[in-house]
Amino acid sequence: MSITTQKKVQIDVKNNDTTTESKTEQPRVVYDTKDLNLWYSETHALKDINLEVTENEVTAIIGPSGCGKSTYIKTLNRMVELVPGVGTTGTIAYKGKNILDNSMKVEDLRTQVGMVFQKPNPFPKSIYENVTYGPKIHGIKKKSLLDEIVENSLRGAAIWDEVKDRLNQNAYGLSGGQQQRVCIARCLAIEPDVILMDEPTSALDPISTLKVEELIKELKKKYTIIIVTHNMQQAARISDKTVFMLNGEVVEFSETDQLFSNPKDKRTEDYITGRFG
Amino acid sequence: MATNSDSNVNKAVNVSELIAKNKKKKSINNYMEKLVPTILFLLASITVLTTIGILYTLISEAVHFFMEVPILDFFTGTELKPLSQNPEFGILPLLNGTIISSLIAILVAGPIGLMSAIFLSEYASDKVRRIIKPLLEILAGIPTIVYGFFAFTFVTPLIRTFWPQLEATNILSPGLVMGIMIIPMIASLSEDAMTSVPNGIREGSLAMGTTKLETTVKVVIPAAFSGIIASFVLAISRAIGETMIVTIASGSSKNFSFDITESMQTMTAFIVEVSGGEAPAGSTLHYSLYAVALTLFVFTMIMNLLAKYVSRKFREEY
Amino acid sequence: MEKLEALHQNNKMNARLRKNSIWKSIFFLSTLFGLVVLAILIIRVLIQGLEWIDLEFITSRLSTQADKAGIMGAILGTLWVMVVVIPVTLIIGVGSAIYLELYSKKGKIQSFIETNIANLAGVPSIVYGLLGLTAFVRLMDLGNVVLAGGLTLALLVLPILIVSAQEALRAVPGHLSEASYGMGATKWQTIRKIILPAALPSILTGSILALSRAIGETAPLTVLGIPALLIPFPQGLLDTFTALPMQIYYWTLDSSLVAEYANLAAATIVILLLILFILNSIAIIIRNKYHQRN
Amino acid sequence: GSDSEESDDNEEANASETDTEAEETEDTASEEENADASEELEGNVVIDGSGTVYPLMARLAEEYMVNEQPNVSVEVSRAGTSAGFEKFLVEDGTDFNDASRSIKDEEQAKADELGIEVMEIKTALDGLTIVVNPENDWATELTAEQITDIFVGNVTNWSEINSDWPDEKIQAYGPNENHGTYEFFYEDILEEQDLVGDINLQQEYSTLVTLVADDVNGIGFFGFGYYDNNQDQVQAVGIDFGDGAVTPSLETIGEEGPYADYTRPVFTYLNVNNAQEKPEVYDYAVYVGETINDFAGETGFAPIPDEEQQAQLEEIQAIQ
Amino acid sequence: MSITTQKKVQIDVKNNDTTTESKTEQPRVVYDTKDLNLWYSETHALKDINLEVTENEVTAIIGPSGCGKSTYIKTLNRMVELVPGVGTTGTIAYKGKNILDNSMKVEDLRTQVGMVFQKPNPFPKSIYENVTYGPKIHGIKKKSLLDEIVENSLRGAAIWDEVKDRLNQNAYGLSGGQQQRVCIARCLAIEPDVILMDEPTSALDPISTLKVEELIKELKKKYTIIIVTHNMQQAARISDKTVFMLNGEVVEFSETDQLFSNPKDKRTEDYITGRFG
């Protein structure tokens, strides 16, 4: 017996209205991944990844569970090294510098590359302290400047109005969606160049998801965004380019509308039509 | 695919009917379902009986003591001369000894234990942790009598080589050694508390370009604070209750003093001394043992309630 | 926010990283400190006691003459005490833990019992000695026999065991019991067949650690009044006994009378540590094995 | 009954045996003989009481179990004289209570009340020994008055005793009130004058020895046995009772000897009722009466005079 | 800012080839839920649920995370009561008997209603012991009978051939998909009438998912199946009827092909076109 059913998913991808905005300069490559391989002890989690991420775009990474999405995105700010026994080959150039040898300090890299996680992970501190955490650690002490950063970041994360009256309350008192936006604000507070997002809405309710999605589209104007999502429609809605990964390999990488409307690879098609995953 | 052959599954056995039949005669099981919780409840209440037993033991004898020595004198007296011609029963020298020795212990074990916990939970690899943690825990498992002689025959002479004022029996070295004994308690419990801080929070901090130290101090420790404090309080209460180390290494002078080079006696050591001594039954001295034990019991109980309160109060929700 | 530019250039990353590595060394040295003390302690007793240990020392009876003295009586005494402690603590401890974790409703009674257990865990062991003296030696009129000593020590380690058994039960993944309930198993069936077996390794680890506490305890026994000289081996629960830590205690006390007693004490410490070490290793092996499987 | 006669015989056999103790082979031979003669006793003898007397009684008990009655278990505990009496003076109490002082009137009254007949057995003599630090080369001899002065606090500096001696403060040490030794020192030697205020009183003798061994200006007192076994750490002070200095030794200690003023007897008390009911208790009591002097020396006590021992033995044997 | 993009998902639902088989008798209602409300302490997790589940059909429940799918399915065998502080109103009639009052012993109910969970949860015992657990608990002791049950159940779960040579090995040694099928076999061993499945394939890889899906289609011949899934294509592939839930309410309940091709409710449409979730 085998599955004989045929399904077809058509997704009309919008022409992103924001793309017209400021893309007149020469697009710059922020991340250039070459022949990246990664092992968790024995598991070969990433296989020969080659990928270029362009400035001020949203790059979405999709693929079934366990295909290596999180692993890849965590390699981009070397968070993956927190897992013991991780080994890599190949190079990832961030603005021209290879980050996998030690020519760039990992702390410096992470100061420039922010990250938002799947589960909202605010610190168990007040909202204010959450947002000022990064600036303070990096040596900014002046209260007035910090206040300004807090307001700007929270505005940037589209949550200022909701929390401005309770900045000193614990961030754990917020709803999941609000927490996630506070985490984004926390990340904006140190003005990174790139923001990595690992399924930032998967723990959120529909309304919160919507808000975060809109925020991402807004953020794209100033930041380069790489986002992992298991929701294909989400990828279609918000990204400029999409990467489809499977079993640690990049199967297909192209403009989002093209990937969804006209996948080149049979496996991509199977996946986006819901044959598995 | 194998499923083809599976379609010929037959319900010939008819298990469900069998089960239904069994259901009807399973009266013993029903009985057990009701009986078991009752039995277990009775077992659980043995711990309550233990407390009642302790209280009864202590109070019924201490009452005799307080009939002869006014409570106020007992708790405010700075002289403890139980066998002198004009006996005096002030517990302050013992409280003093107990508090000072525990204080020294926590001053040693607090920083060292906490720093060990930080090393184990934040810096050490899994393998290193799995070797070191049990090794450290051996320290907590060494019989205290062994520590007592370690303090008396090693630590005191060692300190005296560079600090000759230290008396041969003193409160300092049992305090230090008690500190060593409770290091693993603090290290282990604090490490547990820190390990249970969700990784997400840690990653959130590291992802902003902070160093491990900054993440640990600014995020992990505050988040694990309640657990760390609780481990401190528990360790202190262990130090307060410790008997053999002070009995052996601190001598038995009932000194009301704050000079750590001198011999002092703790409440526990006093109990050992009197119960192994020559106090005739019915004598005030004999009863004083129970008065001291009662004080000690209340003292540690307060510490434990404090630990509970503190860890609840400072508990972070994550 | 061009002011933040400073942040990216001037965040003193080098100094911060140096600080990080300095503190890392301090943390490491702190950890080492405990281990070094442990090593010193062990080396000292080894030096003092090792040459006194031979088969004869282990298998002989007690004697006042240092060169004839052996510790078989104390070893047997300790073993007999364990014969009481093990079943009593396991039955009461695991039973209480099951009740608290799986049966009792979250409420006043449960919180009262749990607070009470936490308190008991902090009660100084010498107070248990007084309890044992009153309750078992005098009230139940057992005298200072194995049973009385065992029950006293059992009460002493009971809170430790209950707490660790509770943790063990709590750690059993909920989906296992769900699967069992889902098949129509009753609560007791689920506990007996699924939860207890799954929690068993942790419970064993916890009880071994609790037992090693009982084995090393001296203070409560000094209060119970254990004979200092007892030559015949204990044969049962109602015999008087002596135990390894008591033997260490008496020998060290009397080392001012007979200098060799100090060596005997050290030799006995070595044996006691060896026993504890073996027990702890077993606990660690069980723990690691179990953790690997998860 | 016939039981007691048999044990009498046994006693005699044993008595002769102890004389030839040196010869191991004979020893075991006669032990086997004992067994053949169905003289084997069984049961428990329970001894508690003074920790001071403990080493002697433990030694005796061990010898008895090893060489005389392997099936009798003699348990020796050391709860302290008074705590021991507490266990002794109850129904089903202990068989013997060791004491570093004689029984008190209250205790005797309690015994009478319970109908327990108590027999005092003097086991040995202890010489209270004054010790100083080995480096102390001045105060090696002191008069009894000077000792009293020091411990009462009449003098506080060595130079107050003798102007040639160092101008250093004297630090006194001693066992605490828990010990019979303290009581003896306070009642018999200081004649109930209060001890000097800053005396360092300790529970454990090992602590005391270390303290004096550590303190050049220290002076302490304790039983002869503790000095005897720690001669490398402390030195004994010769005491001048009027006829020149006497150093304590097994020879000088004695109720009639030159060290008599600092000599005190130690005891064990026998529950006579128990001895009448239980042959093993009686047997052991007789054994104590017979052999007590053989072990006094090696445990740091001086033996009691032979006549006294003989009289005591007869008294014990008369129980039957 | 608001999402202005429009997408349309067309799913050609197959005509289930098995439906033609044995559906000649009068369809019988197995579960009849009336006005069911459920609270977790304060959370109102199920709101006025009314639903009929028909014999020998596959009923799929879909809806975004947190909408109450698991809660509902767990109410059907009263597993939800394991959570302290749960309160219900309304009735659920199982074969005519209300299971929410205590007229039916909960153990009896669960004997007749099997459950398969999201995460494969075999007992840490041998495969054989896993499958015989239920029969043994219910008093079946005879070895030969047990052997027979094991073979039948494992065959029924389409895993017999893969494990028949290692029945005494620990079930943890199997792959996730195999574990899940062993769990299904364990459930079949006591011959339930209904099988509840809570996202049974969400932790599985595509191949295993396929196998389990085929198995479900096979099982439908003998059992009534209620399945929660977050994979709409899966619901479309295997179910006869589909329930769409949102915020604790049943938004739509109809024939599967109708629900996907022609949703009546705007929210259903939004959901199946990937506007949220």
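The first chain written gets the first letter, and so on, giving A, B, C, D and E; residue counts start at 1 in each chain.
What we mean here is this: a residue touches a chain if its C-beta (ideal position, glycine included) is under 8 Å from a C-beta of that chain, and two chains touch if they have at least 3 such contacts.
The chain list, named the UniProt way, goes like this: A, E = Phosphate ABC transporter ATP-binding protein, PhoT family; B = Phosphate transport system permease protein; C = Phosphate transport system permease protein PstA.
Treat the numbers as computed from the prediction; the structure is a model and nothing was measured.
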Response to the item:
Every chain in contact with both subunit A and subunit B is listed here as C, E
Worksheet entry | Neighbouring chains shared between subunit A and subunit D, ordered by label | B, C
Practice prompt. Please compute the C-alpha centroid of subunit C, do the same for subunit D, then give the distance between them in whole Å.
Written response: 39
Worksheet entry | Inter-chain centre distance, subunit A versus subunit C - centres from mean C-alpha coordinates, in Å | 49
Worksheet item: With chain centres defined as C-alpha means, what is the inter-centre distance between subunit B and subunit C in Å?
Response: 12
Worksheet, complete the sentence: For subunit C, residue numbers touching 2 or more other chains are 11, 16-17, 186, 189, 252
Item to complete: Pull out every residue in subunit D that's touching 2 or more other chains.
Response: 78-79, 204
Fill in: Residue numbers of subunit E (touch at least two other chains)
108, 111-112, 138, 190, 214
Worksheet item: Touching pairs of chains, which are they?
Response: A-B, A-C, A-E, B-C, B-D, B-E, C-D, C-E
Worksheet entry | Interfacial residue positions of subunit D with respect to subunit B in the complex | 51, 78-83, 85-86, 104, 106-107, 176-180, 182, 192, 194, 200-204, 207, 210-211, 214-215
Worksheet entry | subunit E - residues contacting subunit C, complex | 77, 79, 82, 84, 107-112, 114-115, 117, 119, 121-124, 133-134, 137-138, 172, 183, 186-187, 190
Response to the item:
In their shared complex, subunit B is touched by residues of subunit E numbered 108, 111-112, 135, 138-140, 145, 148-149, 152, 155-156, 158, 160-162, 189-193, 211, 214-215, 218, 221-222
Worksheet item: Hey, which residues of subunit B end up touching subunit A in the complex?
Response: 1, 3-4, 125-126, 198, 200-201, 203-211, 214, 218-219, 222-223, 316-318
Discussion item. Under the stated contact criterion, what part of subunit D meets subunit C in this complex?
Written reply: 48, 54-55, 58-59, 61-62, 65-66, 73-79, 87, 204-206, 208-209, 225-226, 229-230, 299-300
